[in-house]
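This is the structure I have questions about; it appears just below.
Order of writing sets the labels: A, B, C and D. Residues in every chain begin at 1.
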Amino acid sequence: MLTVRTDLAVEAHALWRESAGETTRLKGVAAREEQVEGMTVTRVEILDQEGARALGKPEGTYLTLDVSPLWRREEDAFPRAVRAVAALLGPLLPEEGPVLAAGLGNQAMTPDALGPRSLDHLLVTRHLGEVLPQLRPVAGLGAGVLGTTGMEVAEWVRGAAEQVRPAAVIVVDALAARDLERLCATVQIADTGLVPGSGVGNHRMALNRESLGVPVISIGVPTVVEAATLARDLLGDREAEPEALRGQGQRLFVTPDSIDAKIRDLAKLIGYGLNLALHPGLRVEDLTSLLE
Amino acid sequence: MLTVRTDLAVEAHALWRESAGETTRLKGVAAREEQVEGMTVTRVEILDQEGARALGKPEGTYLTLDVSPLWRREEDAFPRAVRAVAALLGPLLPEEGPVLAAGLGNQAMTPDALGPRSLDHLLVTRHLGEVLPQLRPVAGLGAGVLGTTGMEVAEWVRGAAEQVRPAAVIVVDALAARDLERLCATVQIADTGLVPGSGVGNHRMALNRESLGVPVISIGVPTVVEAATLARDLLGDREAEPEALRGQGQRLFVTPDSIDAKIRDLAKLIGYGLNLALHPGLRVEDLTSLLE
Amino acid sequence: MLTVRTDLAVEAHALWRESAGETTRLKGVAAREEQVEGMTVTRVEILDQEGARALGKPEGTYLTLDVSPLWRREEDAFPRAVRAVAALLGPLLPEEGPVLAAGLGNQAMTPDALGPRSLDHLLVTRHLGEVLPQLRPVAGLGAGVLGTTGMEVAEWVRGAAEQVRPAAVIVVDALAARDLERLCATVQIADTGLVPGSGVGNHRMALNRESLGVPVISIGVPTVVEAATLARDLLGDREAEPEALRGQGQRLFVTPDSIDAKIRDLAKLIGYGLNLALHPGLRVEDLTSLLE
Amino acid sequence: MLTVRTDLAVEAHALWRESAGETTRLKGVAAREEQVEGMTVTRVEILDQEGARALGKPEGTYLTLDVSPLWRREEDAFPRAVRAVAALLGPLLPEEGPVLAAGLGNQAMTPDALGPRSLDHLLVTRHLGEVLPQLRPVAGLGAGVLGTTGMEVAEWVRGAAEQVRPAAVIVVDALAARDLERLCATVQIADTGLVPGSGVGNHRMALNRESLGVPVISIGVPTVVEAATLARDLLGDREAEPEALRGQGQRLFVTPDSIDAKIRDLAKLIGYGLNLALHPGLRVEDLTSLLE
């Protein structure tokens, strides 16, 4: 049983292989690497219920983009990453029709603010329909947190969806990883929506095709590793409950001290990537002058 | 015809009397003063279509509380004003059932931020139902602005209402007055909901019993006077279009330089007043320790 | 005597001419128009004490840039305006040495937030000296307000100046105009520092060469017209004290409802203009990628 | 040699005892427990250079208040903790004269925002001298971060101190602990000022009696544990450099997911404690009505 927490399919797959042995092939799961804009993408496809059970994630496609070139300050890393996000997102979106995007998480807590801050960079166009009918209608929710509104985030998105009647919903959220190397260095894009209990916060109730009736694309970046996960990795014991982590009665997580700057850059990356995917005529340069 | 803009029924009534002569009585409108917590309340009731046409406002009850004692720093003015707001609100609310409150306006523009900031002081309880079933369920929307979400504020509230299924909706908004004396000095509570085009901002589509299916109570405070209204008053000519106001192609308004501090205090007054009205067992003192 | 309040030398000059007659020439003041980047600049020079008394402003050079092309969305208006601000600022700055910039005003009140928000767009470089010694050292204070720190803003700037030992100080502040047409449409750059009591807020104590020992350049944009000024203009009576403006015991001002968006754009204009003037090798395009 | 990082003298002392053996007594250091307002205080006094070397902290008095009753929701825990902070601070402050308080750290990063947010609850009185001469003059700096101003925080405080000429300086900062149990659960008050390199951020240059010429009291709360410290504790090896922590080229820290709410409460605790210590006539109840 997996007690090491990860929201990344690519890590869940690696964990499975650690347990099962390198040479075993997991039935019901296909994984392969590809290059997009000179950046590495790992594509994990969970093909059936067996694969879903093994990895603890619903059936569907999980794309993982390695954005570590951003932090190594490789040339043109930012526009390349934006175009890569758009290239991965595009095929998952319906060709036309309104789109509703929602940024989940708590704006006031840095590692959980990725969702709302990404929405700050989204071109919201739905209300411009009369002026600019050629633009795809996009509505955006920088969804508040449960404690502030008294509504579950899923209700919030459903309520908006009933008004907007979107052809697809996109949800952006902060994730938890297993591997410290992946913190802020990986963008996961999946067509499976958002599974309850994911993320740093406490987002209950699923946001997926079953509950919303349309495709739900999720975009996330791991911004924390649970301290318990780190501890188990350090101790090489997946069941360990080290004394040092007890007694607080609260979840502890590990995050880099540069998290604030990184969330800022990642939010812009995701917002821009969404814009390029939703409005294929645009270029990265256009976005800067439109949005900043 | 009234070209002097006001969102206050009490001012619309006074303007009508200015035109018609002091001794004339307007059929279809009843107005009287009363005292609540040592503060003056003017109750204007628009009884029929004739009254509605004359005052340019829908039929219903409009209560105007004079909160100038707050700014004169009268003793206990704040808790008295909170109790007065609650006393006026209480009879307009259904005795039980969930309530959805929405703060309209643009948080980023001081005079228009009253709505969202009032919601910051609201006890949001709907998500606590399992823990504290004795509390009335209250959900709260510090509604974003149109330009940010791509949704009309009315869609936003309707979407939430379909999830929350409230027994009543409360909307808080900044208003425009005619008289500079009333700036930040008057709270208007009405059972008519919110008429399109009211407020400082540009809130289209009605929020009222017709559109939402439940009673809609509106609470507002005038935070601006339109410059054109001031000009017409100064010139004693309701039709004047003074050269000084032309050519900007934009609305100009008059607001006090203390507006920021006043909005802060008024938002707390309204939030607290809502809490007392919604949870009759509470006292003002309780709110401070619960909320601050 | 001038009772019409304006912080703009160009308006003070025009007012003087209104009083004195079009054909009269004011001794001690030279004014002329020029074009920079296709935008109109009015240069008012107050040459001696007689001119200073007549216009109610200290001796020095006042440059007024008409940025209304920004709001008419003329082509390339933004980069042209940035280059124009830099071209006007450049000759007022010493050729080398550290510079201290301070953004005056109250961030929480939109029309008074120009100063602090401009500083958000400033390339602050003083702490990068070891890494990038070729960059001119620039320190920046998004100065808080008096009520928050218990210090006068002038003390605040003086304290920083004693540490930074700048070759020049630049202060950015919101101004009051007489003419509604000029609201947000004019940038005034002066080499006279900041005269006490200017601006929307209440900034006491001078920031100028006398008090700081180095050149003090001020940059401001009128963001409000005092309601009393508007009233006197409307009534054609500079001494009028209209009843409508009495009794509030507070200053009232007129400001556009688009003030929030305009402050945002103007803050970026001023910050970028400062950057170009301070680092002549940069281009507007560079700033976008460095700062956004 | 200590490679386990802690800013808490009480932990440094415990670490020394772990190394040296329980029965050994460290010369040059005195430690004892006492009760204040029903809460436990540990007083560590570093008496000479030998003690300073052993604990890696300058000579002086370090008071550690256990505020875990706050999180256990003990009755009256908040006002008791406020009075305890004030009781510990009082004897360290000069009896009269102006005081300058500075909140260090980065407001935008939750665990490092304790300093600036504490200042939000400080009664700033220095500018009220003419109106309320009986109040002790207090100035407060919610000091910005190095990267924003181009000035070191120490320059910033020194610049203000030259203007205010305080009898004492108080600095508030977030700390790093060794023990996860202490996260947000301990307030350390010391009369030694702030040693360079402490805290979550990167505050260079000392703020102490030597550099400022007056007593410098520091108040801090551990809000993070370095991931490396946790790892070494888990592995029982103070020299370990686990692979999992390598390669990021950045500091990683562990913090609770409730950090945002806790920082909010702790900032209020410290601000209120400062107010009670600086104005002995006040009570906790007074602060609520004055400040909220």
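Everything that follows uses one rule, which is that contacts are C-beta pairs under 8 Å (C-beta built on N, C-alpha and C of every residue); 3 or more make two chains touch, one makes a residue touch a chain.
Note that the coordinates shown come from a computational prediction; the quantities given were computed from them, not determined experimentally.
Relative orientation of chain A with respect to chain B corresponds to a rotation of 180°, obtained by superposing CA atoms and rounded to a multiple of 5.
Interface of chain C with chain D: the two copies contact each other largely through the same residue positions, with over half of all numbers used appearing on both sides.
If each chain is reduced to the centroid of its CA atoms, chain C and chain D end up 40 Å from each other.
Per-chain CA centroids place chain A at a distance of 37 Å from chain D.
Computed from the mean C-alpha positions, the centre of chain B lies at a distance of 44 Å from the centre of chain D. Not a single residue position of chain B touches two or more of the other chains. Of all residues in chain B, only 124-127, 137-142, 144, 146-152, 155-156, 158-164 touch chain A in the complex they form. The residues of chain D lying in touch with chain A in their complex are 106, 108-110, 179-181, 183, 200-201, 227, 230-231, 233-235, 242, 244-245, 247-248, 250-260.
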